[in-house]
Amino acid sequence: MTIYAKLGYTLLGLLIVLNWGFLMGATFRKIGARVAGRYGIPFYQPWLNLLKNISTRTTITHGVMYYIGPVFRLTGGIGLFLFMPMVFTGTVDGPWTNFSFEGDLILILYFQVFGMLGMALGAGQGGHPYSAMGIARGLAQHAAVELPLTLAFISIAIQFDTFSVYKIVAAQQGGIENWVLFTNPFAAATIILAMLGAMGHSPFNLVKAPNEILIGPATEFEGTYLGFMQSAGSILHVMEAVLFMNLVFGGASNWIELIVKTFLIYFWSVFVGMVFPRFKIEQSVTWFFKVPLLLGFLAIIIYSF
Amino acid sequence: MKDLIEKLTEDFKISDVVYQRPDLAFVTVPKGVAISLVTELRDFEGFSHFVMMSCVDWIEEGKFQLLYLLHNPKTKTDVGVKTFIDRENAEMASAHHLWKQVWTYQRELKEAFGIDFPGSPRVDENFVVEGWTEMPHMRRDFNTKEYSQNTYFPRPGRETNDPAEYMRKKLYPNEPITAKKQDNDK
Amino acid sequence: MSEKDMNDKVNEMLQRSEANVKKAEKSFIHPEDEEREVVAPDGSIIKVNPIYDYFSGEKPKEEKPCSGIIEKFLNWARAESIWVLGFGTGCGSIEIPPLVTPRFDMFRFGVQMRPTPRQSNAFIISGYLSVKTLKRVIRTYEQMPSPKYILALGSCTINGGMYYDSYSTINRLDKYIPVDVYIAGCMPRPEALLAGFTKLKELIKEGKGEKANEYARNFDEYKANQKKIIKDWNMPDYNW
Amino acid sequence: MNLISPIYIVAVSLGIAFFMGLLGNKAQRSSFLILIAALLFNTVVSVQWVYALATGLTDPTQIFTAGFKPPFSINLLMGLNESVITALINIVGVLGAFYMMKALKKNGTGSQVVFLVLFMSLNVVVLSRDLFNIFVFLEVGSIALAGLIILQKGTKAVSAGFKYMLATGIISGILLIGIIFIYRFTGSLNIDSIITNNPMLKQGAFVSAFLIIIAIVLELKSFPANGWGLDVYEASHPGIGAILSAASATATYFVLYKIVEIAGSQLNYYISLIGVVSFVGSNLLALKQENSKRLLGYSSIGQIGLLMIILGFKDILGENTTYVAFGILVSHYLAKAGLFWLSGIVKQKNIKDWAVTRKKPYFLFLMGTFIFALIGFPPFPSFFAKWTLVMDLVNSGNISWVVAILFGSMMEAVYMIRWFGYAIKGENENIESFKIDSYKIIPVGIVAIALYVAGYFVAPHSEVGTAINFIPLYFVAAIFILDFLPVFIKNTIAIIGMALYFYFVYPNLDTLRLIFEAIFMVGGILTLIAGYAYKGKRAGFYPVALLMYAGLTAIIEAQTTLQFFFGWEVMTAGSYFLIIRGKRSMPHGLSYMLFSIGGAYALLTGLGMAHAGQESFSMEILNGISYLPYWAYGLLIVGFLSKTAALGLHIWLPGAHGEAESDVSPMVSAILLKAGVFGIVLTLIGMGAANTQYSELAYALGWLGAITALAGNLMAVFQEDAKRLLAYSSIGQLGYIVLGMAMMTHLGWLGGFSYVINHFLYKAVLFLTIGAVVLRVGTHNMYQMGGLIKRMPLAFIAVMIGIIALSGVPPLSGFAGKWLFYNAILDKGWYFQGAIMFFSGGIAFMYLWRLIHTVFLGQLKDNHRNVKEISIWFLIPIYTLLAGIMVYSMKPQWVLQPLGNMIAKWFPEGQLQWVGETAISQYGHWAGSLVAITIIGSFLIVLIILMLSTRKAHKVKQFDITYSGERPERPETTHIAYNVFEGLYKAMWPATIPLVEAWWNKVTEILHNIADVTRRIYSGNGQVYVAHIVLFIIVSYLVIIGG
């Protein structure tokens, strides 16, 4: 495959992911509305919001990092997409593997932080106290989520003897019984629980905590900046789901499968969020140090003997 | 209650005792002993809870009447200590040392009536209105309507109606006025 | 005391207290906002003016709409995505929460609440507005990105309503900030609010939602009115 | 050659003493000159003998007094030992007399006569070979000394003098009984004939030998029967203290040295035992001392104890005995004389009040010289002596003795360094200053110079000392002499010197050493560039900084273990002086020094074990240690871990790095810590690299590294002080390195080395930048900063890149380490250690964000409105290092490939494969430069889009934020900066309890309590002291001879 074709496929994939992210966000809102007995927003509302936001006439800037923060965030989302093999087509040089030849699971794991870093820097330059509070909470929660998640990732890497996401997906092909969900249930359980923290929905949404600390890190962002952040958020949500899909649920062999699986993964966190109220930060940190951490240890212990 | 008041009458020159309810009495004392009486009630008679403090503008007499309402949580009784102060250059001894919440009441009275409480902490700060330059707005001689009309661009053509009258006219224009009087008689 | 005597006395006191007030007229600068000096690490002295140093305070400019079909398209998007600031300024704010309940459900109209003015484009002035709150309203309104819309709720914002003679509430909101839609009533029901939103959407789609520009155009006039009643002005002329 | 006979020492001294007695008090001035002349004459006599004997011009000479041969007459022997000892004594006599000029003149001719008689008797004691003669002159000496003690006014001195007489009286009684007995058994009083007759063959003679030796031992003020001696040291004139400690003790020790033979070697063990009890006991008790002269007294007794140990081990030490004994003796003699004299100049009793010396750099230089000579630092003779002693003791299997000796030395270091810390950094506001008399300081200066000279001459005499490279030290000395020059010139000289040295040295180094040498030298040059930002003279900075670098380079170049240890100690001393330059660094400098010395002693023992059974001292002996290998490698690792601040040994680091000066922090953090890593690497190579022989040791080391990483990072999160935050972060980062090295696989080492380079780069950047910011804003507390991005954009960029690199976020260089570590732990199977490490990485994000947010983002404080960008001299090294980070990030293969080739020498298995830009391990792949290009490309695209769409953005100021309709009141109340991670603290507080610090505090407390309780035996009562002496004799008798 030529580099141009690769680039074309990648851009197309990015477009699909962005729009699917918006649609998924709208669906989440819609589900929330239906649970509350409301009609809810129209499904195209996110696009309208984006359009409105990037068409504001006045914008402010607090300084360079305020500018660059959203850029970091969006680059974080796009980069995550670039390093992730999206659809398994049987060949590593396939059309939807993006630039995953450049790095493996570890790269993806650490590149997740890139977006968060941008958010932190941009929000910091805004000088708003609530932004800083949100970031502090986010970082604490991230560290707590990271521990069980890392254990589960290591467990999966031991299981397949590789860090390559593509190879992990390939090893899960050939039927539902080959999924990590069944072949390595402890790691899968760890990821399924820790995922809730990574997705950042209730009960782990203290980072944003609307109406308590306004909207957390994004408090000072408006207009185009906000539009960028929304886009990045959509991409990141899809990519988180794709990551967990690739690691635990056997990957996807076509876009329809990807959409169905990511929807279900996403729905899991939405479902939990509908049921449980928000945790305080010390509660969420200790929560991850209990059951998910224990499961993560089990996932490793069964492979260390 | 009665015993208590009688016991204190001599020492604090209490006059004008009103026994409102079995557990509520109002006494009037001269300006100079009001704070002493409040202190006495707090420290020796168990009226440890400061309920509130308020002011009435007796413009005709040229007086402000201050009221300190105290509560005894053991006997569940209340005593209101009233005192009159001059309306001109109104000034009263501060009671901020007795309860901290008195600060706020005195700040309010300073703003609303212009009564000064020398020594009370933060007494000069804004309480409800910000940047008020007129006469204290709760004094009866302050003409709020005139002030509002001069200041806030009243919308021309605004009419004021008696709501009952207006609704009757609008909703039941043909019915005679009978029911209202009967209601009142009952 | 006869009635005449009493009137005389009252008049006399009125005159005297006016004199008192004039004598006691003071500048309303909070101690925190007075100019102060701080010592820099190298020992030099820095003068700080808390009211102006921290703010950009530049006057707003009129922002030209895009032309033709593009503006129409953008207006459609703006109309369908109204983000309301969650700021209840008066008693009418109690009418807003029902809007998110299943009975009224404003989300289906593309209306939703937002906690920060930076991300909102509509502001509901809900009912009576005291001078004290007006200051906060002005600040918040100015911080919202343009284009922005004001819905004024209840008769108090129109002509003072039942508080027309109060010393501390304003009578006409449009003298201080431009209003897009008035929703009459005391109080208007949530249905009326929804009707107001529909009206606002119509206005926006017709290209009439340009009140932010009007504010910029008549900025001095608005500012003069605002400053007339807000005596302890402790902010820059325009809050970015 | 015609030499003046030593008999003239006696004759001239006695003659002049009589003459002076005749003169009386009439001619005070001239009588003092006569005294000096007499003492000078003595000195000349002994020195010419030293010269003659040392150069072999003459043979040792016996002098017979009464014309008969012994045993019928008194004979004096002038051998090399005797000549040196008498020379030492006489020199201290001249200098001491000069020092005491005022006191001697004031007290009249009588005191001068006594002084002269004292020295005459000391000379005779040394020279005499006759027991009774020795006894007589010991008596003469002690009477003279008692007279001199009473010179000092006050009842305390009188009572001390009386107690001294009492004690020496008892002791001489014992001695006399012993002499009588021995005469009964051997019929001779001549030492040589007694030895040749070997009285031990005769029944009962052993008791006589015991009595004689125990008397001399008591005369040396053995612990615990030494209360009288301590009182004398405390109460008498400091000049007398110096004579007592330097001359009298030296002479008495020599007596012991002479007569110990009479008991054959049977008493040697017990002499060592008494010595070790003295050494450890008195140094332990000194912990609680606050009186400077009494402290010196304890130290003197301890040193004599050490000398007794050496004497007792002379069979094992063999021909090294004299060398070791002289090394310790000379150091002690010079240093103690100097310190006593200094204490007379300062005139402060309490050691805390020595803070008056703080502003007197030359005074402190003298004091530092003496103290470092006492505790055995290079280049002083005691260092070489201690090295040889430990080597020989370990070689002969006397490990417990080594432990005891090093424990005693450690205690001595504790109180000496603490004292020095007070002098150099104590609070001195309310203390009266003092005046330095030139006649007092000259003798001190002479002994200080003598110490350096002695060190220089002693070094080549040790077995391997000849190879020590003194060039860097000469350079340090030159810079010290040039200390009066302004910073700019000194800095330039230092940089040029280091650059030239590096240029000449680097071709001779292998890759491993080149990496570390580059970190030390290039890093050193870069951090020195920052020194241009300082104005004035910056007195004392350059010598100590260069001293540290001299030590570091000596470690790298070391061919032998002695060179290595020499460099290690030089580096420790230099870094100690660097650290203690900080404003509030006194306690941190102390704890740094103590952990360093403790670590160095572990190292010394380990090196000794490595040497055991081997002839060579080459560094090769670390490979495959055969003698107690687990202990040896364990001790070596512990020694090096004390420098890398592993958990348990880390408590010195946060304070030391946090309080140090702005450009010192990167020196001691980014650079100095790598010395410990270098040591660990050497040890691990020695352990046989790929072998799994010592896998338990490596396993333990790995866990230690992981837990250190977690603890360091977690503590960093809750710091409010920016530099302490970075210091804790260093602990964590070093934990990663230790873990990586402990894995003992190719990937583990690659990760470890990758971290070594990376940590050097970004920690230097961060410390330099934060240090420069601190210089500008004048506070360490992060919550007092904020919003500085607007004032210092360049500093901000540096910190931003630094923290991204540190956190390991791609595309910057930190990710290389993370990626390698993931692969390595999978390879090794250390999953839990790995998980802990990665959790620490997650925690690291928190403090890194804190660092950038609370300092550079958020609200600018009012008083920082006009602060300037950090100094250009800081920016130059910072941006040079940033360029290094960027190159490493863009082309990781340029660094990782050579590293891989180097490591393949020891770990040939599990190498990375490089396909073009992509590194492929067994588990994954990573194309560093492609990733960087991809990320930077998409970043730029997004940035351009945003810039186009917000080109009209209105620039606002700091309070233009939404504040719920209000406006912020102050930047301080708007900036979220204090106790930011409160929620995390609520969840994790049990992990932040400083257990290690509490443990060390407890240890210190227990030691101090023991000292405090034990020293109460010194009641100050003369009878009690006598009882001590008698008890000591009885106990010794029971132990040695048995009931």
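A few notes on this one:
For clarity, chains are labelled A, B, C and D in written order, and residue numbers in each chain start from 1.
Note that contacts are C-beta pairs under 8 Å (C-beta built on N, C-alpha and C of every residue); 3 or more make two chains touch, one makes a residue touch a chain.
The model shown is predicted, which means the values in this text are computed figures rather than measured ones.
When every chain is reduced to the mean of its C-alpha atoms, the one closest to the centre of the whole protein set is D.
Across the assembly, the mean Cα position most removed from that of chain B is the one of D.
Note on interfaces A-D and C-D: more C-beta pairs are in contact across A-D. Chain centres here are Cα averages; for chain A and chain D they lie 54 Å apart. In this assembly, the C-alpha centroid of chain A lies 61 Å from the C-alpha centroid of chain B.
In whole angstrom, the spacing between the mean C-alpha positions of chain B and chain D is 79. Averaged Cα coordinates give chain C a centre that lies 71 Å from the centre of chain D. Multi-chain contact residues of chain B (touching two or more other chains): none found. In chain D, 954-956, 958, 960, 962 are the positions where the chain touches two or more neighbouring chains simultaneously. Under the contact definition stated at the top, the residues of chain A that touch 2 or more other chains are 58-60, 214, 219-220, 223. Contacting chain pairs (ordered by label): A-C, A-D, B-C, C-D.
Against chain D, in their complex, chain C makes its touches with residues 32, 38-42, 44, 46, 48, 50, 53-56, 58, 87, 116-118, 136-137, 139-140, 143, 234-235, 239-240.
In the complex of the two chains, the chain A residues touching chain C come out as 29, 33, 36-42, 45, 48-49, 51-53, 55-60, 210-211, 214-215, 218-223, 226.
Within the complex formed with chain C, the chain B residues making contact are 59-60, 62, 87-88, 126, 128-135, 137, 139, 141-142, 144-145, 147-149, 151-155, 158, 160. Touching chain A in their complex are the following residues of chain D: 787, 789-790, 793, 800, 804, 807-810, 815, 818-819, 822-823, 825-826, 829, 831-832, 834-835, 838-839, 842-843, 845-846, 849, 852-853, 856-859, 918, 922-927, 930-931, 934-935, 938-939, 942-943, 946-947, 949-950, 952-956, 958, 960-963, 974-977, 980-981, 983-984, 986-988. Put simply, chain C touches chain A in their complex at residues 60, 63, 65, 74, 77-78, 80-81, 83, 86, 101-102, 105, 107-108, 110, 112, 114-116, 118-119, 121, 145-147, 212, 240.
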